[in-house]
Amino acid sequence: MSQPLRVGMVGYAFMGAAHSQAWRTVNHVYDLPMPVRMQVVSGRSAAAVAAAADRLGWSESTDDWRTLLARDDVDLIDICAPGDVHAEIAIEALAAGKHVLCEKPLANSVAEARKMVAAADAARDSGVRAMCGFNYRRVPAVALMRQMVAAGRLGTIRHVRACYLQDWIVDPQFPLVWRLRREVAGSGALGDIGAHIVDLTQFLTGLRVTSVSALTQTFVRSRPLPDSPGQGDVTVDDAALFLARLGDGVVASYEASRFATGRKNALRVEINGSLGTLVFDFERMNELAFYDGSRPAGEQGFSRILVTEPSHPYLAAWWPPGHLIGYEHTFVHQAHDLVQAIAAGADPAPSFADALQVQLVLDAVSRSAETSSWTTVESAEEV
Amino acid sequence: MSQPLRVGMVGYAFMGAAHSQAWRTVNHVYDLPMPVRMQVVSGRSAAAVAAAADRLGWSESTDDWRTLLARDDVDLIDICAPGDVHAEIAIEALAAGKHVLCEKPLANSVAEARKMVAAADAARDSGVRAMCGFNYRRVPAVALMRQMVAAGRLGTIRHVRACYLQDWIVDPQFPLVWRLRREVAGSGALGDIGAHIVDLTQFLTGLRVTSVSALTQTFVRSRPLPDSPGQGDVTVDDAALFLARLGDGVVASYEASRFATGRKNALRVEINGSLGTLVFDFERMNELAFYDGSRPAGEQGFSRILVTEPSHPYLAAWWPPGHLIGYEHTFVHQAHDLVQAIAAGADPAPSFADALQVQLVLDAVSRSAETSSWTTVESAEEV
Amino acid sequence: MSQPLRVGMVGYAFMGAAHSQAWRTVNHVYDLPMPVRMQVVSGRSAAAVAAAADRLGWSESTDDWRTLLARDDVDLIDICAPGDVHAEIAIEALAAGKHVLCEKPLANSVAEARKMVAAADAARDSGVRAMCGFNYRRVPAVALMRQMVAAGRLGTIRHVRACYLQDWIVDPQFPLVWRLRREVAGSGALGDIGAHIVDLTQFLTGLRVTSVSALTQTFVRSRPLPDSPGQGDVTVDDAALFLARLGDGVVASYEASRFATGRKNALRVEINGSLGTLVFDFERMNELAFYDGSRPAGEQGFSRILVTEPSHPYLAAWWPPGHLIGYEHTFVHQAHDLVQAIAAGADPAPSFADALQVQLVLDAVSRSAETSSWTTVESAEEV
Amino acid sequence: MSQPLRVGMVGYAFMGAAHSQAWRTVNHVYDLPMPVRMQVVSGRSAAAVAAAADRLGWSESTDDWRTLLARDDVDLIDICAPGDVHAEIAIEALAAGKHVLCEKPLANSVAEARKMVAAADAARDSGVRAMCGFNYRRVPAVALMRQMVAAGRLGTIRHVRACYLQDWIVDPQFPLVWRLRREVAGSGALGDIGAHIVDLTQFLTGLRVTSVSALTQTFVRSRPLPDSPGQGDVTVDDAALFLARLGDGVVASYEASRFATGRKNALRVEINGSLGTLVFDFERMNELAFYDGSRPAGEQGFSRILVTEPSHPYLAAWWPPGHLIGYEHTFVHQAHDLVQAIAAGADPAPSFADALQVQLVLDAVSRSAETSSWTTVESAEEV
């Protein structure tokens, strides 16, 4: 029997639930080289985390994440805690020889992210792997889109158009939750959802965002406190918009907002190239639209590819054509790819360096919005 | 200067207005071999038809359609009156040596329609042309669909799925207009809109409906009289549904209804073949959906062809790509094709015989609904 | 700790995999009154079922389903085997005091189905529950649709339009698998997918199909044998179409086909009522279209409800709005509802009698197609 | 009989054809207070303009536009010539006491546009009217959108998202037509199509664009000359993107491109407000999407309003519900509104000042793109 991969997870809220569903499922859907064991979950409250362990399917629980690093029976640390603690946990875990899967955004600051990249680089030499959890790369339609771009189906890329629109805080009476406080969340729509479209567009095009001009906006500046009477200040952006240049001659627009009434999880990317166009919208995540400019004149049009065929990425293991999959499957695919990489002694993607590159874009966006000027994005590879 | 084609129109209500818009426009959009002249319009009330002539752009008006047949300066009779007078006018007009364009349905009964076909056959020998106005054949997307089917892009046809759904009499207080009275309208949804989908599907496939099993339904059996107090009986069908066989091994379903709440003019046809599928919906009349089963695996999907290119049927004369056309354009295209045929000494399509074939299907549907049994459709070509 | 519900499953192919995913997951997503245990799975080949047990998460396996009935540690028999063995297993299981979840179609014949209903009726007195697995009832959008119809949002129902279209055997070289052989599958598209739309439309409207006029078609009559050289006869329908009447004055059309090129799993239902219309399409299973005729004039239109809100059926336990779910979730919801019913001592729906009613419709359809005549559907409640 | 309005048109290419179709049609569709007469058309080549007059339905033609101003039997000058001659013709026409309809963009420079506004202001005192032809305001769905925004259906506006995407010069071998040369066209995508979305969003929101950050891009810098061998330089933008602020606290993004492969005439505007969202796409110009946040929880969704009802703007004069209209109808509506305003002695909209305001935005965009900095937009009302 092959060596199992024993997982310890930190955090058990929304992301923890999604990751748990993936760890519970991945063994049963894919034929993995290493069977996954859900060893232990940690959280701040011993009682709460114990209940969560039971509900989510973890064998044990603890209120001290550091104990996970000390255990011999934990091979991988899966970090689902808020962004302000990512750096500390990841760096210590890598130093302890544990593989790390860290939710996005990698960190709340570029400085932290750089340290995490250094830690990952150091650990790599001892065969320890680090991955950042940009799960949307693992939507089959997105993976297919990447394949098609990489195969040259779009020709020379001209335009990138990306937005991530939600509406969950449109109501001014929605309370001041942690995601609306800079000291915990780092930023608002920008880091939470803008990060995804930055990562996705860099992934899909194979290009880097090199400069940006941005604006950010906080529409509702004061909200009810969640746990006590009174109001508090919103200290993050409700929306962030930016223009960008990628590589040589590609122009792009980005928008992340939590105030787009009616848009629930509208992560959309359109790429126009000299030969064709591809369009993805997460609210119809099982579809990919493709305009193939090489089709016969008179028959050209946007094709709605229902990305549910066994020949499509990740799908041979699931259901017959036309039987849709959902959001959580992206985490199963992520787990699959990570386990495969670890077993193969290969680096999983996105790496911490990829995630740092996203962070550098977000940082440039913030500075551009503050200074109202075009701002150059540093490269993760420059020191 | 080429010989003009001088038109006399009978009727000036909804269809008369649509035909007038076409006659006014066709000269200015297409380069016709015969310029069109809008000579005279007839109607029952002298005052009303005079006002209509002025509004719709006819040079003269009359309250006696027979005077049109007597005039030397009228070449074509365009019949837009209700179905119960089609036969009389068309037969006399053809006998008088006038070309005839007759709105659908050709007649209110098969017997009348057969006489009209005989009249058209007789007149053909003297170079007189007859056409029935199934305008939806002239939607560019429909014409393109026919081209693609005829070119074999669907392979062997398996399924036809057609419906024509409206909702304008859902309200039980909607009055008992002439279209709801059998003695004037002949039938209800069946003849009014069902006729269109029968014609279209026979046109698109090149096949005949050979047998049917039908049901008809009148949901609201009594309605307010339009011009006086009190209620009257609805004597036509509100909806007609039927299964059918076409040609050898094609199965089909048809539905015509005025009770499909929310569907305003949803004329839809889907044809599935061994190699692909085509789908049309009049509510998006500038689009045609095409599933091409010969595309590479993994890239197959329904393409939304925006049928607005100069290479598409009828469109080189109109606007640039992406600039839509509307309902009335189908009548301009019909006028164009009719004038071209007359000038070329050729028979326009659909012929009266084509329209009789539609009538024979409708007749079989009515009989099937009455007898609750599968009913064979006669062929127009059999005596 | 509450009493667990220990499951024994028969069969482990497509449906077995889907049910296993549900049994693995339901405990972790919903707070169930009885925790589920995946005790044992049975199959014909000891080696194959052992491998399947391992892959799908069952504690044990066996090659004799009868041993499941004899075990004290099995409370529920989940029947995922082909239709020809449903009756035998279900009847014996119920007699042995086991709850039964039986995949659809309930049986391959009305006679068998009647016996199963009798067995379920007999077992009910001892608190033993029986449910048939029409999983599509548990799509949240479908459950919402039922709520809205039941709340009268559509007013008086006029039209039902249902189809279930697939295309997996369009290629004549696709082999003669068991689903194309009458002796195993009972029927073709009719029983496999037509059964779903019959059940769904009866469920959604609360009405019974009372009479039908049908046609069936086998387009490709001979296919390569799957496991040996040569060809064999296709003995089931490739497509089945029928008109129907439901309750008093509702007219309907149904179509099930495996030859609708490009349609992968297009289970579609549209219901038109005097006040509005609802439309569902499984290929966009997270959406429900609603036309509300009571909206202000000028603002009426089909709304695309993204059925991913916590207030929607089943969804509070899953992800935030706009984060889609997939096909397999319908089985989790089914498991949830079944466990709740068992714990509450209530009858789950759909009952075996509901499933018999579907069977009676399918039987009438078959007879109608054979005799080319309108055929009355028996009621399950009549003897 | 009422006084006619006698039109003289300058130019007869694409826009001239569209305006001619409107002038030919408007009398016959709407009941106008002043009947329209198509008096004379002017162009540079006497022979060509004579042919155009015949084809487009003008009574006379001339090769000198100044003769139009001298004639007593011309009341209105309709300017459809390229932008570099707008100012001269409009100013002289207004001075000659002729009403003026001037195609957009009003002029090729702000300086010219300011002079035109001054000329219009001076002429207004003598009852002479001036209007700029932003025809897209007269799409019924756009007019409905304006009504709904003005009625407060969106609440406080938060976001505007506008693009106008075409693809007609994606091919590098497409020739260097006049629209790609700055000296004639003024700018590229920005002035040609960007102007429309600037006008529309200001019209729809009732707000002004106050500052912008822009980039422009020319993807293909050299193209074949249209009338001779060799290549020439493209001196305009292929694409222009900008972020903007409108009024107080509204953030916006704009994009105009001729390189969006597959997008033919995708003029799209989305407006998010605190209570709802409206979305328009010209490629489906008969539809308007509305998300009404005040609908009951669980039933919210984007409604596709089919804007073809008699209660919708402009449509009572056209066809029954569900019978679509096209691009050219916007010009008929524009003609209708202009004639109504002239007859009523009222100022038509958009005024030259409105068009100057658009020009000022385009000017700020150009300067922003050149200087890579946020740029304030002047107000037309400031001197």
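Observations on the model:
Here the chain labels run A, B, C and D in written order, and each chain numbers its own residues starting at 1.
Basically, contacts are C-beta pairs under 8 Å (C-beta built on N, C-alpha and C of every residue); 3 or more make two chains touch, one makes a residue touch a chain.
Values in this document were obtained by computation on a predicted structure and should not be read as measured data.
Taking the CA centroid of subunit D as reference, the farthest chain centroid is that of C.
Of the two chain pairs considered here, A-D and C-D, the higher C-beta contact count falls to A-D. With centres defined as mean CA coordinates, subunit D is found 36 Å away from subunit B.
One simple way to say how far apart two chains are is to compare their mean CA positions; for subunit A and subunit D this gives 42 Å.
The geometric centre of subunit C is 55 Å away from that of subunit D, both derived from CA atoms. The set of subunit C residues that touch two or more partner chains comprises 263, 300-302, 306. Against subunit A, the residues of subunit C that register as touching in their complex are 14, 18, 20-21, 24-25, 27-29, 31, 55-57, 166, 168, 263-266, 282-286, 306, 308, 319-329.
Partner subunit C is touched in their complex by these residues of subunit D: 144, 148, 288, 290, 292, 295, 297-306, 309, 311-312.
Those residues of subunit D that touch subunit A in the complex are listed here as 154, 158-159, 161, 163, 167, 170, 213-215, 217, 219, 239, 241-243, 245, 249, 251, 253, 255, 257, 259-263, 272-277, 291, 293, 300-302, 372-374.
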